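Right after this note come the structures.
The same chain A turns up in both complexes below, where it pairs with chain B and then with chain C.
Presenting the complex of A and B:
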């Protein structure tokens, strides 16, 4: 197991390095944005660019970049959006809002998704199952921003229950803030709930038809006992890793939802970096997104082994 | 040695009469199957037909495709037709609107309108003959004390017709244009130009062309009669000295020939036109907006058609390219295996880790100037899109490559390429086609998300896209929800039906997985 994990992590670092290098070169090849001529930060930015090795070969530039990041956690300064400020500081200030919204959405989705999945599996081929399955299908097919429209129009505008946009400020744990994040949380959750429902239903139906369930019932367990003790535990082997994956994924946020509800988060920052062509910012966010996706896939793989010791990832025949 | 030669001799010289058919005339007992034999695809089709929801989805997809093809023919508008006045206007078709069904009547709701505003709508109705008021949703009565007397005032929640409520607008036109409008009036009998009203007669109001009656203040409150009701007494100008050009066309009711229909303006004439009829003059037909218009004044019906045409064609092209690349790559991986497989697998592994948004944006930064946004967008989809297809093909190749029919073909001397594409690939085609059907909605979905965010702007090539339409609709969501509703509904319908269709195909082609799900 340890060997497998180390192997995976080393491989991940290599992939990360290659992708970072590719993105780095592509970004450095772009023409630089014009700097405002009369700005007090101008000398700083110019000096920082000189230090970052612009006008040198790309490999040298990449070396400087890596050295700065690894030794001093220095990702450069923003040259358009937050003129002259440290990219990593701005990034850290945007992270909490994204995490807050996504955390609520995961917390909401897990129980609801699993409960619906279980109900659908137990009431298989009845109208309950058909309704849940159809709704799941719809929720998975349609992207979250369509729900965001519906929620914003009906709940925020027609009924006036919630504010249109997320409340500004950094008081993340006040009641007003909680109310104002409900619409984005709902819009994000529908898709996640549907995902959990589908996985749970598929797994549980398979487990429910297996022989050990029959054995459990013949031993004299009630249906509820057998389902909870035997079937449910086994179906969690597949469901729980996907929860871990989602938990890592919550950091990356959602570009569209953050734009619609004006959440001052990472997705919004990424969009602004793209619109404003703030390359140092975009570089850091690229590395961030790549890391998140790589880590999430490793965590999912490894967690299989922890949840069900019989599963040995990477084992030979 | 001698013996063996003898044996060979014996075998080589068998007497001809020993070659006789043993059972030439005997009865054959196993009969030929009388039922028709059924191929793989025919079998899949039968299974597919059993899945009702997928069949319905297939029909919806068909309708959508027909819609995208014929929507330019159905709609009198194309994407360049932009009306500056009828922007964000709700669905309106005159024929249906006149039936008073409450649909397609161009209705917008106005909250808390006072009596003066109510009178304003009535003024428009009286002058143009188009009554903007559809219905009074609510009437609120407020009793207030005014100079020691109780005064009752009413406010209304009104539903009005967005197309009629524009009423009359000012236009400055050249003399030729003025003559053309008159010709149009003579020909069709539609009153476009209305008599001019000088601002000195209406409390110097210059920005409201819909005031044509005596007013009692600069807000445009009509005069009241003795019992306090509003009266509309026309104050059309009879000042022939100021008339801009000769007018010899239709005159409104109550005109004894003394009203002037235009006003002097250096080198041109200033006129009051009823916009609804003016629109008919400009376009040759009355406004027909089945889905309404968006914030640019484009007809949503044809805009959705244009956007979805692009989406569908783009998605098909992307899946076709991905399918070809993925099939070749996956076949090589799966067929040769070993080191080649390992190396190729690492390459696709690394590529698949690059986030799609990042790829799109980098391509957009680098390639968009050289090859245009659409091509660079296509590259972004292809760069990582084929990986799934390759993995699928690879798996199928591993499954089939050691089967007997492949050995047989190889023994007969088939080349590697022939084995791969003539013998193994057709067997995996069903699975691959199915995944293609599921790739299409995902391509449409990402394309729409990116155009919605404005990261990609396809307006130059495609005219518009569903994502662009939705983002335009979202900005005016509270006042004109239809501009967001129709693209979103269309988009959802498209994705749901494609997914249902794809799932149905998957179940039909892989009976084994179907058993698991049931």
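Presenting the complex of A and C:
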């Protein structure tokens, strides 16, 4: 197991390096933001780009970039959006808001989604199942920004229960902050809840019809005992990895929600870095998302072994 | 006894008057002092210090770097409006508006702020003492000024701002190693400081363009020296190049030779092939006999107008290394603890001097210790985090930054160390109630990022924002609200119509263009353009596609002032009115006044339009552009007009639909019935202007925004190929124009008139004339501007359609002391904003309204 994990981590680092190199070269090959030829600031901008090393060979540029990151954790300074400021500082200042909203969203979605999934599976082909399945389809089909506007209109404007925007400041664990993130969390969660409901229902439905469930019942277990001890545990083999997948999904999928609720997070930063052609910023965000995805895939793989002892990682047999 | 009673009465009156400080709840404050007592602020209403007045506003993008040396965008400059003060500023001139008449403010004056008084012209003195600054021998005024600084000006932490602060800040701004974005502002505009360019570029290598304007060259071709390697250099030895991809040859309208080659003008064989083979990675080709011959093969050809070989100098760039110099070359130095002297490259005086000092005088000040602590070197590049957070921001304006969260929120509160709160000069008489109030009633400014207009609207209706800019879907509901304010902008949007016949014919020659079904050439006919000009009712067009705007009729917008000191607008002059009447063929004798005649103009004349379309049909048939094979009097071809879009939007769709709909109505019964079609282009992004200029797209609503105080500069825009949209098919240097100026009838070229109006001296009939600012009577200048506007309109390349404006709702919590928009002062901004409710009262009021406000 240790050997397998070590191998996977080394492989992940190699993959990360290759993707980082490719992204770096591709990003540096992109044209820099153009300035009107009559702009009197043009010579200054060109001189700054020269000083920033944009005209050096790509391999040299990448070498400098890698050395700075590895030895000084220096990701460079923002070119456009936060001119002259450390990219890593900006990124770190924005990460908590994104993590907070996504964390609440997952915390809310997992139990609700699984409960609805279990109910739908247990009440398969009844009106309860049909209702849950229909709502699930609706929630999956409608994009989260539509919920965002609906929630904002009814809960924030008409009923006045919540503020329109996430509270300003970095007091992330205060009551005011909690109240202010409920609308975006709800907007993000509906789709995720539907996702969990669907996966749980599908898996549990299948497991419930398995022969070992019949065996469990014939051994004298009640339906509830058989479901919780055997069926539910088995369906978690699929559900738990999907939690990681959903987390990654909403990390990148909350771009629009961040915009609507003025959440100062990395999703918005990513979008703005692309639009603004802030390449150092874009580079760091790219590496961040790639790293998250690679780590998540390892965690998912390893988690199988813990959830289902039948799955043995790295076994030669 | 009587004496005793009188004494008692007098004592009682004194006691009562002492106890009873008069209050006026309607003013949210109280008046201090007794009437007639000495002191400028003796009658000033004092706002209750315990009350909070918060200006709650939203932005789409929050400032991220408001360092005055490096800020690049208006979003980034936003905080500077609150945290800095200029050397001079504009205020409403309440002396012009006696309170008895309760007239709204329309005039303004300039007051010293960070300066202690007016600038003193010391041109003669500096010329004698500092010959190194190179003030022209003939100059006696306008080149050097001494400005006394306000000794009460301080940073928000109490540190003094003196001449040393100014000099340090200017040194840092121009420091060549820092390569500050804003350094250029000190020498590229009208207020150009001697030596600023040389110092800020000290030791830097650049490719200099030999002729930016196309009017003069740094080096003539004959001046260049051929080296032993066959490469031409300047006499100083700088290598010369043709810049194939150089878009900085301003006279080429932002296009490069490569653009023309791409458009098919420049042949490959014997020309482009040779040049491109010799070019370096940036498209620079060293001048050799071979490359000179290759480029001349094109520029000397008929396609390019048979340019003589000596004009090849217009396409030349050359290596240039700025000499290494120190700060002493800069004409900005200390002449006292609280005094600075500025030396300028070009003379500047009067209103323009003050205007540029209000715009660009001291917003580049930095707090020395904080600035030094935030500088960081990264390789060869230097950066600074000055003014990027509350901690690194130093204020010397009415407000200071107290909290900042990137991309989220920013809060400003009163800077109690600002001299303006106590100097007695920052007060005004409210034309509504006649009382004197201090400026800046707002105690704090809360700015948050709200990107979605729908969210902004809901927040506004909940009382959480002070303003809401109306969107297209809001006009029907709110356009007549008493809280709506229209803010005019200077831009006129006109429909630019393609007349570049060569480009049009090139497009028709393209494979795939079906000449039997479609036609492009007809749109280049002047008669056709005249017809289009009277096809649309401008006001109806505006109300249909963009209700905040209004109909546009001339080329100069309503906001332009020809006399900034009195606020007089060009569009209100008789000359400007007469131009419109002439252009729209209004018989002024049928109206009681010129105003009535102008008011009758709609721009819409379907009868005349039909006649013109018939005439255009005949001309087009005669020219062979279209056919009428069956002789039914209807064009066989559809004239297809590409509407050039930068990106698709609802506005573009509405515009094109409207143009088509009204065109169909007006062409009914004409040979072009159902035969003229507008259609949207591909999204050209920032290339749209080049597409129009090159005749590769046909029409667009375009315009220019200029300096609101200087309508005269627009004449240059209409006639200068660097800025013209129609420069490829309208050459203003070939058009004669006769104008009677001061009773003298003068005839010269249109372009020459525009140049003379903007300060260039030209000869007419052997006599020198210059009608620039300060060189000629303002009425004469107005006559010339109106004549040029009229002449350009008659080309029908620009058909005025929209007067730009925006509409916004203002919160019931506040009001403007003036309703009428002033191009200089707006409606007074945060300086004059008055509150109906403080924060506590406002919360109660909103709750009373059920949490939803009605506008």
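As a convention for this text, the second predicted complex is superposed on the first by the 278 of 317 C-alpha atoms of A that agree within 3 Å, B and C clash if a C-alpha of one lies under 4 Å from a C-alpha of the other, contacts with A are read in each partner's own complex, and residues count from 1 in each chain.
Assume a residue touches a chain if its C-beta (ideal position, glycine included) is under 8 Å from a C-beta of that chain, and two chains touch if they have at least 3 such contacts.
Owing to the predicted nature of the structure, the values given are computational and were not obtained by experimental measurement.
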What is the contact status of A:211 with respect to chain B (first) and chain C (second): first, second, both, or neither?
neither
A:77 in the overlay: touching chain B, chain C, both, or neither? Say first, second, both or neither.
second
Look at A:160 in the shared chain and tell me whether it touches chain B only, chain C only, both, or neither; answer first, second, both or neither.
second
Name the contact category of A:264: first (chain B only), second (chain C only), both, or neither.
second
Just checking: does A:169 make contact with chain B only, chain C only, both, or neither of them? Give me first, second, both or neither.
second
Give one of first, second, both or neither to describe whether A:149 is in contact with chain B, with chain C, with both, or with none.
both
For A:53, is the partner it touches chain B (first), chain C (second), both, or none of the two (neither)?
second
Residues of chain A that lie at the interface with chain B and also at the interface with chain C:
149, 152-153, 157, 259-260
In their shared complex, chain A is touched by residues of chain B numbered 53, 349-350, 353-355, 357-358, 361-362, 365-366, 441, 445, 448-449, 452-455, 470, 474, 477-478, 481, 484, 488, 491-492, 495-496, 498-500, 503, 516-518
Given the complex with chain B, which residues does chain A contribute to the contact?
15-16, 18-19, 22-23, 26-27, 29-30, 125, 134, 137-138, 140-143, 145-146, 149-150, 152-153, 157, 202, 205-206, 255-256, 259-260, 270-271, 274-275, 277, 282, 286, 289-290, 293-294
Residues of chain A touching chain C in the complex:
34, 36-38, 40-45, 47-48, 50-53, 76-78, 80-85, 90, 93-94, 149, 152-153, 156-157, 160, 164-166, 168-170, 259-260, 262, 264, 268-269, 272
Any idea which chain C residues touch chain A in the complex?
64-65, 67, 70-72, 76, 179-185, 188-189, 201, 204, 206, 247-248, 250, 254, 378-381, 383-385, 388, 403, 405-409, 448-452, 454-455, 458-459, 461-462, 464, 686, 722, 851-852
